[in-house]
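Each chain gets a letter, A, B, C and D, in the order it is written, and its residues are counted from 1.
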Amino acid sequence: MAGGPLGADWAVDWVRRSAATVAEHRVELITLDREIGDGDHGENLDRGFGAVLGKLDSVAPDATPGDVLKLVATTLISTVGGAAGPLYGTAYLRAATSVGSEAELDSAAVAKLLEAARDGIVARGKAESGDKTMIDAWTPAVEAAAAEAGRGASPAEVLAAAADAAAAGAEATEPLVARKGRASYLGERSRGHRDPGAQSSAYLLRAAADAAAEA
Amino acid sequence: MSVKKIINDPKRVVDESVAGFALAHADLVRIETDPIFVVRADAPVAGKVGLVSGGGSGHEPLHAGYVGHGMLDAAVPGAVFTSPTPDPILAATKAVDGGAGVLHIVKNYTGDVLNFETAADLAAADGIEVRAVVTNDDVAVKDSLYTAGRRGVAGTVLVEKIAGASAQRGDTLDEVAGIAERVNANARSMGMALTPCTVPHAGEPSFTLADDEYELGIGIHGEPGRERLPLEPADAIVDRMLAPILEDLPFSSGDRVLLFVNGMGGTPQVELYIAYRRAAEALAEHGIEVARSLVGNYITSLEMQGFSLTLLKLDDEMVELWDAPVQTPALRWGR
Amino acid sequence: MSVKKIINDPKRVVDESVAGFALAHADLVRIETDPIFVVRADAPVAGKVGLVSGGGSGHEPLHAGYVGHGMLDAAVPGAVFTSPTPDPILAATKAVDGGAGVLHIVKNYTGDVLNFETAADLAAADGIEVRAVVTNDDVAVKDSLYTAGRRGVAGTVLVEKIAGASAQRGDTLDEVAGIAERVNANARSMGMALTPCTVPHAGEPSFTLADDEYELGIGIHGEPGRERLPLEPADAIVDRMLAPILEDLPFSSGDRVLLFVNGMGGTPQVELYIAYRRAAEALAEHGIEVARSLVGNYITSLEMQGFSLTLLKLDDEMVELWDAPVQTPALRWGR
Amino acid sequence: MAGGPLGADWAVDWVRRSAATVAEHRVELITLDREIGDGDHGENLDRGFGAVLGKLDSVAPDATPGDVLKLVATTLISTVGGAAGPLYGTAYLRAATSVGSEAELDSAAVAKLLEAARDGIVARGKAESGDKTMIDAWTPAVEAAAAEAGRGASPAEVLAAAADAAAAGAEATEPLVARKGRASYLGERSRGHRDPGAQSSAYLLRAAADAAAEA
């Protein structure tokens, strides 16, 4: 596993892997959303990351990770729609702000980036842990990342821990009753289904970790 | 093609449909395509408050069908059942700003609220005064800390008509927003479905129902409802839907109401009028006077079979604004 | 209940629905119940030619939805998909006779023709001058010695609107009948269906179609059509429907037409506008100008999914009469 | 088998048996009509004969067969609708006219009654033999009745022969291509289905014969 700080190449690779994983899991995310929502989550993210992919060519040679994250943010905001569009858009925007114009991100910067992203989602969506939303993937991820960074792990290790925690968090949404978003209309009937946004968050964080592992 | 629909490509459904809509109604509306929105042919109307609504497609004629004199100035269609992004909302807001401010009419869904909020912030940054009214008339969903709040459903049509008339007669942004809030606060709805609908890109029905079941408290996105019940006669269904509506506000003897029976898209008119008949009869039993009515497919869920009942408690001003002329593709009277 | 519908009793569908219709539109129409028909609130209009149409129920808003100022004076609903008997036709004819004679607008089906004929004979015996126009715009059926002749379908709506305006402006019975004949002679229609419909008392769908098939040349009673084809993109379907229409009249470059895309009842509006878009585009390719248009569920087959295309070759008088004010439950503009 | 002339009692019994057979075969007639028409034939006739049944009490004690036939005619005309309403209505009206005010009908009168009914259907519907309509049941019935009457058979025998011929005629519509009525829209596709109106005619004539047999 690569151990160094992460640059713009990593961010670009994260985008590519995100687009690929969302396309691959498009139908799965649609199905999860049909069960407790309205069946568009996979379609919307696929459209959004497809659009980001199409804009990667416009990334300047001297771009920073923050520039790439900002491109992701603005593109998702203007192409995804639904709840996930503004939520992910804000997440990437706050992440971009958090890393500023640094050319390379160390472990602390990576952990801070994830925390900023999560805080952005909370700021927009007002969800708390246990509400059966994407927050239930992000918050464990943020905590795991902070712990790893604290014990001196590499950026790639920080992201790997975050991805693992997010995947576990997504799975742990299954028994929960939704209290935010469209699934909340179902009340008790939302129990027993995995939250689509938590699942897509887990895939996106896995993409970040995989990109770091090969950086 | 895996979905049985009259379409070319699931990804082009909204674009092509809006294009056809613009061709068919060129006397009333025009469209912008990048980003996509529908706007009154004569927008912006100087000195008039601009009304913008929008949301996922698949609910037609809502919202584009209500663009025109006396109702909306612009409608912003998202992908099917997906709220639009801030860009077209912002563009539509700018296109209808006649200097008196713009009112956003937003159905209460997380995605719609967030995207309209972002657009409003951006418009404000451009010096346009924007207010938003969030409709939430659906009594099927409990409004509590434990939900995203009640959904905006058929009452939205009534808000758009009445607020539209308020703007058309020259009311200020505060006044138009106030009327819109008042209509929303006095409207209650409840829906049901006999069959699901199929989102073009999803390719599979939103839920499944047995041949002898119906879904009570259905939303307008094929979301499952409050409970699944054995099919029963129309009159019994209507009574079951009316009860929580009458409890919630509460409506009482002597009230004058607008009774709105809305088809979900795939229900024949004969059935809607059978439901209307019982609802009118039941209200008469409660001493509630039906002063105005609306029956038809006004806010739909693609081809879903089912209907919703909406009751709006009227005051004199609402009646006057309801009766005011309206000239849109889907609602017309007066003048 | 074996049929999944919002009804109480299959035998009471028409009575209850018409009762609800009358309650909802008391400002425009009233009903008689024995025998049952729907009539303009202000009928008979002295000195005006009376227009009566009717036919089996299940095609709503046709015909009752078109009763009002500038269109029909009365509509006579039969049982679902069954032409009414002479009694209510006769009663309606008497109710709308303002001394200038009465025009019957009859869709070309054996049952409708025979029952209206009998009623006309009886009315004549009572001293009322009656003329009948039989609509037959459906190009799916060959008009020959070997059929009952072409069916009357969506063109009927256009005949009712334009002849209604002619009567409203004070034309004589001969003139109104002449205009009605002219509209019918210049209208051509073609329908298709993705799904069948279910007559309430029949309890089973009118036909079955595989998931990847559609029925071309469908009638408005769930009768099987011309041929069954594999499902194809909307544009290809539209082209296939337009070809026999354009051949039949024939329409040619420089013509001005009214383009009417009619939903069969269960088709979402998004799909109708996708079809409209291609039809308008194809007509432009032929140099034919779409001067007026109509898109929506105007003559339906219960909950059938599908649509029909109608082209009416316009002359100046038809345009003027089309644009004339109309105030009915289902069609309104002007004034 | 009873051999005498037929009076008003027979006509009333014919009505009762008609209502019973139409109710019994309602679904069958609906199904036949759904295949090549619009699926209402059984429902319409059931409504019509149900209405006639409800009016039998109003038949005067001194009524003639013609009075009963006229009651059937006017009731069917005002309750059946569709194509069958006016066609059957005219048939019974012409039959009533044909028997005049006779109190008892002999074989010749019965044969003439059937011919008048058939001629009434042709006058209204303009169908010819082989057009796959109810005429294809009626014309063989009229011919068989005339032949039986000619050879001196009883009225009951005349009607039995008519009923047999109508049943055969209805069956023989199966290979035909419809040229009148709603089924004509199907052209070649109408082949292989029995005409619903011919089938209902056969049932009605069987009811007449059964009533005569017990008269």
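One rule holds in what follows: a contact is a pair of C-beta atoms (placed from the backbone, for glycine too) under 8 Å apart; a residue touches a chain by one contact, two chains touch by 3 or more.
Chain labels with UniProt names: A, D = Dihydroxyacetone kinase subunit L.
Note that the structure is predicted; figures quoted are calculated from it, not measured.
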How many angstrom between the C-alpha centroids of chain B and chain A?
-> 33
Go ahead and note the Å separation of the Cα centroids belonging to chain B and chain C.
-> 29
Chain centre separation in whole Å, for chain C relative to chain A (CA means) = 55
Cα centroid separation between chain A and chain D, in whole Å?
-> 77
Going through chain D residue by residue, note those that touch at least 2 other chains and give them in order.
-> none
Contacts with 2+ other chains: residues of chain B | 80
Specify the contact topology among the chains shown, as one of line, ring, star, complete or other.
-> line
Taking all chains into account, which pairs touch?
-> A-B, B-C, C-D
Per the touch rule above, chain B residues touching chain C in the complex are 1, 4-9, 13-14, 16-21, 23-25, 57-58, 60-61, 65, 80, 194-195, 211-212, 231-235, 237, 261, 265-278, 280, 290, 293, 295, 297, 300, 302-303, 305-307, 327, 332-333, 335
Chain A touches which residues of chain B in the complex?
-> 35, 56, 78-87, 109-111, 114-115, 117-118, 140-142, 145-148, 151, 199, 201-202, 204, 206-207, 219, 221-224
For the complex, which residues does chain A have touching chain B?
-> 30, 34, 37-40, 43-44, 47, 77-87, 124-125, 177, 179-182, 184-187, 189
